[in-house]
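What follows is a set of structures to go through.
First chain A sits with chain B, and in the next complex the same chain sits with chain C.
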Partner chain A sequence: MSGNWMSSTALTTESAEPGIPQRVYPTGMILTLGAILMFFMALFSAWVVRKGLSTSPLEAPISLPWRLLSLNTALLFASSGALEASRRFLRAGDTAKFRIWWCAATILGVAFLVGQFEAWRELEGQGIYFASNPDASFFFLFTGAHALHLIGGIAGLLIIALKPLRQLTRNTATRIAAIYWHFLTLIWASIFLLLIFAK
Partner chain B sequence: MSARGAARLFSTDHKVIGLQYLFLSLIAVTTGMILSLLMRYHLAWPAGRLPFITGGIMTPEQYLALVTMHGTIMVFFVLTTAPQNAFGTYFLPLQIGAREMAFPVLNMLGFWLTSAAFIVLLAAFFVQGGAPISGWTAYPPLSGLGDITGPGEGMGQTLWIVSILIFCVASVISSINFIATTIEMRASGMKMMRMPLTVWAWFITSILILLSFSVLLAAGVLLLLDRSFGTSFFVPAGLVVTGQLQSHSGGSPLLWQHLFWFFGHPEVYIAILPGMGVTSQLLSNFSRKPVFGYPAMVVTLSAIGVLGFSVWGHHMFVSGMSPYSGFTFSVLTMSIAVPSAAKTFNWIGTLWGGKIQFRTPMLFALGFVSIFITGGLSGIFLAQPAVDNMLHATYFVVAHLHLVMGVAAIFGVFAATYYWFPKMFGRVMNETLGKLHFWLTFAGAYAIFVPMHFLGIAGGIRRYADDSGAAYLVGLQPLHAFMTVAAFCTAAVQLIFFWNFFASMKSGAPATPNPWDATTLEWAVPSPPPPDNFGSTKITVYRGPYEYSVPGAPADFIPQNLPPTTTGDGGFPA
Partner chain C sequence: MKKLAIIATICIAILAMAAPHAAGQGCAMCYQNAAASGAKGQEALRHGIMILLIPALALFGGIVAAIYRRDNFSQ
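Right after this comes the complex of A and B.
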């Protein structure tokens, strides 16, 4: 068989490449998250240090579009929830609902990105750009870095939905996608909380 | 290129990729060595003319460009690439009884990204302004402002940062692969505490790479943004460079130092831990004795890894840090001497009473221990903030780091090369040439770096292109000349190695599967191993990695995969 494994035949016949056990993929994903976490930790600590140095009135905190950011946060959490629901239907063998919820999670993820982009435009409207002030620099940096990771995640969700899988079984593929996706939700939640605390 | 050539070039076989890493680091080490010879020549004879330099005489900026490129090439593309990626990629799966790495395609991607990073770095020599002058540590504001701060700080520095960013991604990818392979791909019976110490070293090193290179990646991105997008993460306010007020505001150069050394100190252990693993394995193999205190060796490797993350501040004692912070970093730094000394004690314990075979790989392993001790001891001096105030940025530091991180790690690489050459190429290297190479390199390394300590104690400042103008250093100029002659001689000796390496590859005596009578799994397959390693043979491990001279056993070594019944007495300690 070939083509989309989301069709019901694919769900039953997809198999993994022999020799490499499926368990390496979740392990690899968790290790990847360790690296990404260190990357964001470095940025967070840089921000804390840099903020402590801001004494000039030119470096006053910027006002962020809180309402929009809160909405985006809700969208991303909803997306994570939809992905979990989707996996639950997969385990129950309900392919149709699995497909619907998987797509819903992807769309909510895209909606989050659009919302983040809108937040950037609001800042631009206030005349706040990347290099305007350290708070702005870090805001664009955090959201930009997170968005890049999320775009990768969306690509992953789409690939899993649309392409035939070679090395991964469907369970492994959906599992590592979910691990990554929830992790990015948590990273965003941390960024959001940090921004609130720094207000 | 033929289809077969391309298939081999873009192979996902861990053995092919391991060799690719090895050859990449051979090219890199040759490049880095040539740069160091140019530097040494200029230091000894500052007025000496060099044929290929415009104007004939090296400018201070050209000298600094050499310093930067030598350091960067050696640290990243030699000391990180050879001990970990070259030998680890080749031998980790073999030693744990696996058919492949966990992620073969990522393995290949890691190598090609590393190669791309190397090419981008070398490109810095050929752009306007040339290579960057800010050293391998690239401290801002020098590195953060563009070509206004000096030649090479324009495009050259940008290429340097891009190269490091690519290298970071490649290293993180490869470390994920190493860790996942070690955790998930071990053969049946290969418990963690039965893994060879080489595997343990690659495993711990991978964790260090995973955690530290991600931080360097973040720091590099911030530095690039400061340079190219006008942000002020590292560049301070009110900075005037060559009469021009810079538009940056309020960044912190110290922030870069913290982020950089949070990577930079673990990097030292990334370079040296694999050498410790190889040394442990070889001392046991060639003493025909088990490693003395195997569990302690595992614990100390881990302890060095953990402590390595808590001492970065000792690179910044003179940066005006609080004396309390300095004290903390100092105590933590000195505490690394404890696991290091435990390792050295265990190495000596492994040798004690053994039937020592002075083969070339063994000589290099012994050389590793000697140089690690010599270089390590000066680290305890530097760990004292009060002493460091005087020695900081002198040749004492240069001597220390070259011995403990550079030469020791390279001795580990040489030991590994002579040891595993028969396995990798199916032929044996010439033993006489190998021994000659060892003794001349061993003497040469000490001849270069021991005098350097005295130059440092006398106040000789590193990174100065020319000491001859400083009255208090003029008397030490003959020392510079001596070190330079020693460096040229030691470099020439490496031609013996290269000759031996390539000639043996072509026409060395054929190697048996297990020429050193060793116990670990890589010796259970033919030399060189077939593409699928163990083929259809199911590998089962029955015992620890270093069962040498077991009383009552028919031979003085018991391979890890030998079933208990075939050893004649119903089994040996598992």
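Right after this comes the complex of A and C.
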């Protein structure tokens, strides 16, 4: 396939280099997600144990910018929804709407990252930094690790949108990108719920 | 199928034989630290272990189930 595959001509032809079966890619992505899941579970576990062992009054929970975090959560869910809508239009063969929704999902993902950065700045405004308190350390660690994974996801969305694909068909590429993106949305929802329960 | 059942039985038997060693593991310092952490600390350690154990077991079970299903599908 040559040229930008988001262009209408590229989208009308389904082509990938022969050799590797397309089902290999989603399997590889699911196995990768297993590793990422265990990474976040290790952080959750460390946090639960650290909170349980905490005895000092100096280690009181920090006050988080809940309104901003809720808005960010809504943005990420909207991004996941836009990605799914985009895939639906792709399956229906509506390339114009597919492009619009794919870009919308990417922009919403970037908006989520900007919102998370703003939450960090709000905490810093209150004098809360990475090393201020175990709760603050874990908050920065959770959000930072999630943001790094999300930056990778945004890079993936942009690569799919802008670069020609050689070994993947467009359906496989959008499918594995969507699996990764929805997984990150669920991870963020888990972090958010954990933060609420730990209040 | 029969071969898989034999392998599973052997694995379970090996694990059962290893159980007393599993229960006796852990260094003295870790044991004393855990014992001295109080009821709240011990509960937190239990929760921490479960948080690590459940997804790992689910992933392992999922992979085994996927291999088993694919194996049956290809036969």
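Worth a mention:
Criterion: the second predicted complex is superposed on the first by the 197 of 199 C-alpha atoms of A that agree within 3 Å, B and C clash if a C-alpha of one lies under 4 Å from a C-alpha of the other, contacts with A are read in each partner's own complex, and residues count from 1 in each chain.
One rule holds for everything that comes next: contacts are C-beta pairs under 8 Å (C-beta built on N, C-alpha and C of every residue); 3 or more make two chains touch, one makes a residue touch a chain.
In this text, all values refer to a predicted model and were calculated from it rather than measured experimentally.
With the two structures aligned on chain A, chain B clashes with chain C. Touched residues of chain A were counted for both chain B and chain C, and B has more of them. In the superposition on chain A, contact of A:G28 is made with chain B only, not with chain C. In the superposition on chain A, A:M38 contacts both chain B and chain C. Of the two partner chains placed by the overlay, only chain C lies in contact with A:K51; chain B stays clear of it. Of the two partner chains placed by superposition, A:G93 touches none, neither chain B nor chain C. When the two complexes are overlaid on their common chain A, residue A:G152 makes contact with neither chain B nor chain C.
With the complexes overlaid on chain A C-alpha atoms, the stretch of chain B that clashes with chain C is 292-300, out of 22-30, 58-66, 94-102 or 292-300.
Residue overlap on chain A between the chain B contacts of one complex and the chain C contacts of the other covers 34, 37-38, 41-42, 45-46, 49, 53. Of all residues in chain A, those touching chain B in their complex are 19-21, 23-24, 27-28, 31-32, 34-43, 45-46, 49-50, 53-56, 58-59, 130-131, 134, 137, 141, 145. Those residues of chain C that touch chain A in the shared complex are 37, 40-41, 43-45, 47-49, 51-52, 55-56, 59, 63.
Looking at the complex, you find that chain A touches chain C at residues 34, 37-38, 41-42, 44-46, 48-49, 51-53.
Residue ranges on chain B touching chain A, taken from their complex, read 99-100, 102-104, 172, 175-177, 179-181, 183-185, 210-215, 217-219, 221-222, 225, 229-233, 237, 249-252, 255, 258-259, 262.
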